[in-house]
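By written order: A, B, C and D. Residues from 1 in each chain.
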Amino acid sequence: MRIIKYNEAISEATVEAMTRDPSIFLTGHAAAYPSGLFGTTARAAETFPGRVFDCPSMENAFAGIAVGAAAMGKRPVFVLPRADFMFLAFDNLLNLACKWHYMYDGNAGRVPIVIRAAVGKGWGQGATHSQCPHAPLAHFPGLTVALPSTPADAKGLLLNAYTNNHPVIFFEHRSLFGTEGEVPEQMDPIPFGKARIAREGTDLTIVATSLMTLEATIAADELAKQGISIEVIDPRTVRPLDEETILASVAKTGRLIVADCSWEMCGFSSEVAGLIAEKGFHSLKAPVRRIALANCPAPVSLPLETAFYPKASTLAQAALRLLNKDEQDLAGIDRVDYFKGPY
Amino acid sequence: MITPEQHIRLYKEMLRIRCAEAALAERYKQQEMRTPTHFGLGQEAVPVGVCAALTKEDVAYSHHRSHNHYLAKGGSVYRLAAELFGRKTGCSGGRGGSVHLTDRESGFIASSAILAECVAMATGSALSFAMDASDRIAVAFFGDAVAEEGAFYECLGYAALKKLPVLFVCENNGYATESPLSIRQPEGASIHGRVASFQIPTRNIDGNDVAEVYLTALEVVDEMRRKPGPVFMECRTYRWLEHVGPFFDHELKRTYRTKEEVEEWMAHCPVKRHGAYLLENGHATGEQLSTWETETRKSIEDDIERAYQDPWPDVQTLMDKVY
Amino acid sequence: MRIIKYNEAISEATVEAMTRDPSIFLTGHAAAYPSGLFGTTARAAETFPGRVFDCPSMENAFAGIAVGAAAMGKRPVFVLPRADFMFLAFDNLLNLACKWHYMYDGNAGRVPIVIRAAVGKGWGQGATHSQCPHAPLAHFPGLTVALPSTPADAKGLLLNAYTNNHPVIFFEHRSLFGTEGEVPEQMDPIPFGKARIAREGTDLTIVATSLMTLEATIAADELAKQGISIEVIDPRTVRPLDEETILASVAKTGRLIVADCSWEMCGFSSEVAGLIAEKGFHSLKAPVRRIALANCPAPVSLPLETAFYPKASTLAQAALRLLNKDEQDLAGIDRVDYFKGPY
Amino acid sequence: MITPEQHIRLYKEMLRIRCAEAALAERYKQQEMRTPTHFGLGQEAVPVGVCAALTKEDVAYSHHRSHNHYLAKGGSVYRLAAELFGRKTGCSGGRGGSVHLTDRESGFIASSAILAECVAMATGSALSFAMDASDRIAVAFFGDAVAEEGAFYECLGYAALKKLPVLFVCENNGYATESPLSIRQPEGASIHGRVASFQIPTRNIDGNDVAEVYLTALEVVDEMRRKPGPVFMECRTYRWLEHVGPFFDHELKRTYRTKEEVEEWMAHCPVKRHGAYLLENGHATGEQLSTWETETRKSIEDDIERAYQDPWPDVQTLMDKVY
């Protein structure tokens, strides 16, 4: 099958959706430039010049503007070069967009808006340019929160976001834009709330979000060499969450690691651990293990940054421990960061 | 120029809203409308004058003090009352409460409780109209406190930059809850002056004179349809009742403003004033005025009672419209 | 001992702290009026007229202004009549205040700011005037998030907040302002991260936040009549979280309900359930039960609102089920809402 | 009036910053400073002119493009370089990176990467000064994009209302990343015009003329100390390098602005220009200029190399300063 990059898949989904639906428009800082959101908006900008345009730095109001445009039948796509800027838009997202359909009892129409934002580490992004606030957002009923980890998922989930009738937050990981994968030319939208089993296995389940799915797969590959069979589950969307697939996997393996690309407290790793404690308790053979960012802001300095982020070896090590095997030196399996400055 | 018929229509619409709010405030005291409510008594001229200049295709948004705007744009007293009672026939199914009203059919899209959200929504609807080269207009109704919120300026900049057909209507009633303007906004920096610095045309008018509001709105709406771009209207007015709730401040011994100040403004009541104008100009007789009032009150009492008798939403619907 | 109300305790802590420390000032909408934050600022306003003042509606900038004032040695207290307005301040709270000490390596000084906000239900507050965003905030390292449930805790925790050297978010529940409790005349600050055992018990642990502590205690009282012994733990602060006290309790009881005053997903109830799944797994005799708001925005209409909020009977019922007892009609134990409009 | 000594001091300070940024940009290309960096080449006159009018007790805040401000307020090249290399001797211990600098001793409190945060922080420090009736001043350095952020206007309103001693210094370089002002802000609505509508005194000056910047700053700082209240300075200037990173845009084939435009502005280089002024007025000889440059370069190379040789922070310190 055809192999393309994550950012190409996103670009392709955008152009396809905009071709089909003239109500979609896309805006955000630098959206109309080749550099727009890691190159994912450039083709759309060329193809639909009137429907892809730059936006001043006004994250708060624009989220509300998007709601007002959506209420008139548009499908606004708002892109943010860093998810960290989204805090400024939280009011209109959390007090308005996500409550719209329920709060007006469906009588005020629908507000299908998509907010796309880059998240994650790379080249010392530091404390205010690397965060992934999927958990705080997923706390609120009415929001869909997606974090694709492969080019195919990026395309399929985005196609769904672009045709969905309610607000969707879409997190694209910096370290994934350049990764490659099979993506069919013709693709159907991938429904929200349907997890992907990235790798089947029988000894232990790793539920991992975004880039952590990649790390989990590397860990699983390595452990497979030692006869350990790991199942890797990518939930694709944090809200809605595919509880069933996760519960079924743990029912099979009896052991669970949750690996997330944000912090632990009131985060996704706690959510899934809590889910199992409530609904999968009788399947569990060992304690759940939550793996998340170190419990501090992201430091810039290389050795600190390296220690801050969990990676394949962290997961593999944790799996060995859960399976009562000896720890091993696994640092060799970790990917080398291919990022170059200044971005 | 305003025809006699139009004058009468403006009057009757103000009367409808005045009577509705007064009756609702009275019912509110029974503690059966469980939703914090910001009554609009005294501020009827602005919504009535502005909405009279709009078509059904134009849309409006409002803030927390939204009953007047909802009604003036075409919303029904019955569904408003039902919303306040939490009935399933409420305009928002009883789910939204006083601060979350909607009536899409008449073009009242939404009110929302958080300051400045309505400004952003109207700007967004205007963006949509501009992209479609439609001649529709979006209106935001809001108060003076919104000029303290950053989102307001973000919208001003955007609307001016993109030349969006959005009409910003600020009802400057001099207070935000208990705080007078003087302790919230810089001396000498009028709101319309700040807006004008964005190169947005502004009007600063007497918001208790429905004819002035209507003529101004007609003029700017006409301009906007011919040459899209935002316009800002600052309308000086006054709220009679407490910030939230059905009482006069002095009934509750609140001291942030004097009874004299309230009474002075009440003497400039927009409804009475326009009634006097109709009489003076022979557009109506005293008898007509009192018949209209009696009829209006009656019909409103009927609406409110009908709403009161309506059923609650079924508890089973709690999770309906969750996706 | 002396009995006072929750709002009186808060007022008292504020006046005491301001008397001791002239660097404290307090502001926020209506802060200088008798109505300020349910009457909790009135005495401070009378006593320190120059240090308690109103604030325009500018939630975003003021959070940053507080940081800048704190960096110069002030201790700003910013009060919000509804926590829902705090979303507007999330940028300065999450990208700046909570990262300050770490991100500048301690070299930029300290930013001891306190944000106090009313949360919770009452009189049809509805979807945008009732939320308690403690979980989304607690996700971020560097923030302290406190939710006192008794007058004594309110005073003690607030005294600690007013002398703490870092940002503290302090949530005061609308339904608690009028509740009474013992509060010593002289009180020491209550340290953050130290849970309170509201009621000792041996059969089942309920960890409950804010108003839910009250509901849990009512449920426990009722079940005690039937010989069921419930331990109720109030964590007092969500971040830092007193894991030890919770783990010790579950080690004793083997059964856990977590009752929170916000939603479940990526919320506090999941956090504690996840904690137990990871660190208390071997003590657990039954699945954990998470009890939170219904998974939708808060409706206004009375019957819907009543169904939306969990209460004492919800907790008692859940406890019976976890203990394999028959369900009973317990609706009679629920408190009647004493709230009157228009607030 | 500016004395010859002062002129020389201004020149030398600009030279130090220019040479530091040029040398850091060169080193940056080696990919060993792993932190997104916004160089300030071409914009030296504003920070130097303004900071020369301040005392050590006055405080400054800056945005993402903050090296110039950090250095001009008194920060050391050595600790800046160490920060960029991620060394433990960095001004923020290597934790903050290029956009999170601090040097409290010299009154540079913080730079931060999110637009308008620095404006709010400076306003807050000024609030503190005003409450203490101190004559200290807080300065915020930021760019033209901040005029699009709502928080900016919230601060303007607050500073004007409370008469806070905060100096807002906007370096208007015409671009936000790749977007020119014209596609971001409404036509004809100058930034200083918008600020003036808040009743804040404003100045609109040539930001590439260090003498004009300095004289203006002296004057407004003096005014502010005598009669507290905010002042806004808009300084027209230009950045030479790409938005983030060490290259010229045309080296990377970026087309959002022309090489000609860049070269025209480079011809108005603030450093060369002030050097020429010194020569013309006999304040310095050509030989002196070149000696100063040689010495400055040397000392900067030493600082950078020393920083480079410094140790990383120990991994064990990852959780230090977590409370």
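Following the convention adopted for this analysis, contacts are C-beta pairs under 8 Å (C-beta built on N, C-alpha and C of every residue); 3 or more make two chains touch, one makes a residue touch a chain.
Bear in mind that the values here come from a model prediction, so they are computed numbers and not experimental data.
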- Note on the structure: By number of contacting C-beta pairs, the most connected chains are A-C
- Task: Taking each chain's centre as the mean of its C-alpha atoms, give the chain farthest from subunit B.
- Result: D
- Distance-wise, how many Å sit between the C-alpha centres of subunit B and subunit D, to the nearest whole number? 46
- Task: Could you tell me the distance, in whole angstrom, between the mean C-alpha positions of subunit B and subunit C?
- Result: 36
- Just how far, in Å, is the C-alpha centre of subunit B from the one of subunit A? 42
- Message: Where in subunit B do residues touch two or more of the other chains?
- Response: 90, 93-96, 100, 112-114, 148-151, 154, 157, 161, 183-185, 322
- Query: Residue numbers in subunit A touching 2 or more other chains?
  - Reply: 56, 58, 60-61, 84, 88, 91, 95-96, 102-103, 126-128, 141-142, 295-297, 299
- Item | Of subunit B, residues touching subunit A in the complex | 59, 61, 90-96, 100, 102-104, 109-110, 112-114, 116-117, 119-129, 131, 138, 150-151, 154-155, 157-158, 161, 321-323
- Message: Residue numbers of subunit A touching subunit B in their complex, please.
- Response: 25, 50-51, 56, 58, 60-74, 76, 91-92, 95-96, 100-109, 141-142, 165-166
- For the complex, which residues does subunit C have touching subunit A? 60, 84-85, 87-88, 90-91, 94-96, 98-99, 102-103, 126-128, 133, 135-142, 238-239, 241, 262-263, 265-279, 281-282, 284, 286-290, 295-297, 299
- Message: Help me check something: in the complex, which residues belonging to subunit A touch subunit D?
- Response: 29-30, 33, 35, 54, 56-58, 60-61, 84-85, 88, 123-129, 294-297, 299-308, 340-343
- Note on the structure: Per the touch rule above, subunit D residues touching subunit A in the complex are 28, 31, 33-37, 86-88, 90, 93-97, 99-100, 112-115, 145-146, 148-150, 176-179, 183-185, 242, 244-246, 256, 312-315, 317-319, 322
